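Same chain, two partners: chain A is paired with chain B first, then with chain C.
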Partner chain A sequence: MNADEWLRTLAAELHQRRVAADAARHVVVEAATHLREDGRDPWLVLGPPGEYAAAISESIGPAPRPRPGPVRLHAQGITKRYGRHTVLRDASLTVRAGQIAAVVGANGCGKSTFLRICAGLVSLDTGQVTVTGRLGYCPQQGGTADFLLPDEHFVLVGAGRGVARGPARRAGRTAARQLGWEAGGDVLTRHLSGGTRQKLNLTMSTLSEPDVLLLDEPYQGFDHGTYVNFWDQLARLRDQGKAIVVVTHLLNQLDRVDLVLDLTAATRGERA
Partner chain B sequence: MNRLVTVAEMTARELLRRRGVLLLLLLMPLTFWLIRRDAYVGQSVRSLLLGVSWAVSTAALFATGAARELEPRLRLAGYRPHHLYLGRMAGLWMAGLVIAAPFLLLTVLDAPELRHGGVAVAMLCCVGVAAPFGMLIGVLLPRELEGTLLLLTVVAVQMLIDPAGSGAKLTPFWSSREIATWAVDHTDDGYLARGVLHGIVVTALLVAAVAAVSSVRLRRRRHLRQLPTG
Partner chain C sequence: MDSDRRGQWLRGVLDLCVLAALRDGESYGYQLAQALDVAGVGPIQGGTLYPVLLRLQRTGLVTAQWREGTSGPARKYYRLTEHGRATLRQDGSAWLAFVAPVNTIVTKGVDG
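After this line comes the complex of A and B, so read on.
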């Protein structure tokens, strides 16, 4: 890796760690000057760019997040019954632009049902959902076509909003790259691994540039690197002012969200 | 219009890429043709048309099942229900014509005494009816096994029922049988007219039924209020 590549990687790593743009630029300029004066391999001088960026990020901290914007999703008093079985009772959630909400709870407590109700895909017994802006939804599984190419999925989703084929393909590939996936190949979806198929699933949900993004455990099958990329991408989308609701059972990531809705029967209700 | 064409194109692409399924779909009408070929050619033609109907219905049933999870998210991506069901139907009609074309050629080469224009019209009726018929079963019965068994029952009834009986007209593919009689036995034009009318009416009813069921299934729920930003 030459100095230019090392600096490019450093800039990307700083961006991923949400170091403020001005500070990141300053760090990259300083590193470039240092490397030029030293003249040796950047790995020998400053070490791996990821580790260097992590040290910088730790010392100066991430950029302050913008304040949450107006309410984008307001779900109030959601009750859903299947026959005599009440799946959801009086669940409520309010998410503003620039916030990530996690929906957690035990298996079968209605997390996916809640999300599908918010997306308007399932009817409810009582309650109301108000969404301001465009909705995007990523199902837990399915939602892709086995015999289509990833590019064709992007074209299909893009056509829904009147986007021409070329721009839709480019937008899809760019969004896929954020998850560390090069989507331009001619491999049918049925031949993709489970994790890559989920990347396609997730990419499709962000393609229509939604204001409210509903994600139902979209990281199943992700390797560790992609999983980290996924949360980084959510942080970027949040910083762009999206309101995000993600169903999860992995409680170790709750420090990366702004709101938690716990649907477990004993503790139904919202806590911030 | 672009949305409708895109859905139609993707449906046809998906179907035509399933080479194994396509071969099996082509095998059935061919078997139906060959099995009766040594006897009266009329039986061969009728069996062939039933085979084409079965093949296209089955393709429509499975295409509808495969799209079940995809359609709700396409709905959120900006599609209206009619873009989805009409687009899919158009794609299936295209694929159905691809399936039927070689068999029309087969009748031309193997049975020159037929009225081949009539055979072509009968095949058009088969394809026209079979696509919405398979889709309707697909949207009503979410499990493919149940749908396939129902299709099998309908085709068996169609094969065994007395075509002159009044009940036969209630079966979906009666039109192709009536037109085939005109094409094979050189009967009067009444057979052709009745067959075409039956085909058009049944196709229209099935399209309307698919539209009604799909519109309900893909409707925007009343509890969701969507407001514009800003």
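After this line comes the complex of A and C, so read on.
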């Protein structure tokens, strides 16, 4: 690894650790100057880039998180019945720009229904949902077209927003890369693995640059690396000021979210 | 010499060494590393110097300024603040008060 590669890796590691872009640039330039004057192997002088980035980020701390912005999603007193079966009772959630909310609860407690109500895909019996801004929704499955290429999905989403084919394709591939996926292949969507189809779904839901992003366990079938990328990507979208709601049954990522709505309590004892 | 142990000592006192090295005027990273090496503190391994400089900057003990050299690249020059100077005096005295009895005890052990 030469000095340039070492510095590139350092920059990536600093970004990964959410060191503020400005501070990171200074650190990289300073390291570059030092290496040029020293002339020896960067591994000898400054150590492994990952460890160096870790020491740096510990010294200056992560970028200060922007304060949550205005309310983007306000769901108040949502109740939903299917026949005599009450799926949701009086569920409420308020999410601001720059926040991630997790919707958790046991299987069948109405997590997906709650999200679909917020998305306007399912009617509610009582309550009210107010969305301020553009809405993006990523379903648990489906939502992709078997006989289209990933690129064609991006073009389709772009067309809906008046974006030309080329830029739409590029935007899609760039967004896919954030999940560690190279989307530019010529494999029909029906031949993609379930996990890759979900990456396509997730990519599409971010392409419309939504203010509110609703995600229904979109990481099913992701391998571990992609799963980590997924949460990093959510953190980036939050830092861009998006309001994010993610349905999850995995509780080990709850330290990465700002709000938790547990629907188990909202429906307890309400089974008909 | 056990380099792990030496590293541990250095970690505890490198910030003081850096503050002391800046006492008589500003300097930049590479020059500081050279100065500490020449003074016998040893080569600063693993890029421990810049994290220390960043911490000193964050806590207001030094200020930093980017400047183009007359020849060569832009360098980040570090300079002691008043707060840094006061800390150097206070923590430097505390260090000396700490090592004096350590030296006495260890000297007895080594010479005895």
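Methods note: the second predicted complex is superposed on the first by the 238 of 272 C-alpha atoms of A that agree within 3 Å, B and C clash if a C-alpha of one lies under 4 Å from a C-alpha of the other, contacts with A are read in each partner's own complex, and residues count from 1 in each chain.
Assume a contact is a pair of C-beta atoms (placed from the backbone, for glycine too) under 8 Å apart; a residue touches a chain by one contact, two chains touch by 3 or more.
Everything numeric here is computed off the predicted structure, so don't read it as measured data.
Undergrad: Quick one: is A:Glu58 in contact with chain B, with chain C, with both, or with neither? Answer first, second, both or neither.
TA: In the superposition, A:Glu58 contacts chain C only.
Undergrad: Would you check which partner chain A:Ile117 touches, where first means chain B only, second means chain C only, and both and neither mean what they say?
TA: In the superposition, A:Ile117 touches chain B alone.
Undergrad: Based on the superposed arrangement, let me know which partner A:Gly47 touches: chain B (first), chain C (second), both, or neither?
TA: In the superposition, A:Gly47 touches chain C alone.
Undergrad: After lining up the shared chain so the two structures overlap, which partner does A:Asp38 touch, if you call chain B first and chain C second: first, second, both or neither?
TA: second
Undergrad: First (chain B), second (chain C), both or neither: which does A:Gly133 touch?
TA: First partner only.
Undergrad: Spot which of chain B and chain C makes contact with more residues of chain A, would you?
TA: B
Undergrad: Which holds for A:Val27: it touches chain B only (first), chain C only (second), both, or neither?
TA: In the superposed model, A:Val27 contacts chain C only, not chain B.
Undergrad: Quick one: in the complex, what on chain A touches chain C?
TA: Within the complex, chain A touches chain C at residues 26-27, 29-34, 36-38, 45-47, 51-52, 55-56, 58-61.
Undergrad: Quick check: in the complex, which residue numbers of chain A touch chain B?
TA: By the definition above, chain A touches chain B via 117-124, 127-133, 135-139, 141-148, 152, 155-157, 159-162, 188, 204-205, 207-208, 211.
Undergrad: Touching chain A in the complex: which residues of chain B?
TA: 2-3, 6-7, 10, 13-15, 17-18, 66-70, 72-74, 76-79, 220-229
Undergrad: Spell out the residues on chain C that touch chain A in their complex, using ranges where they run on.
TA: Residues 28-30, 33, 45-48, 50-52, 54-55, 58, 66, 72-76.
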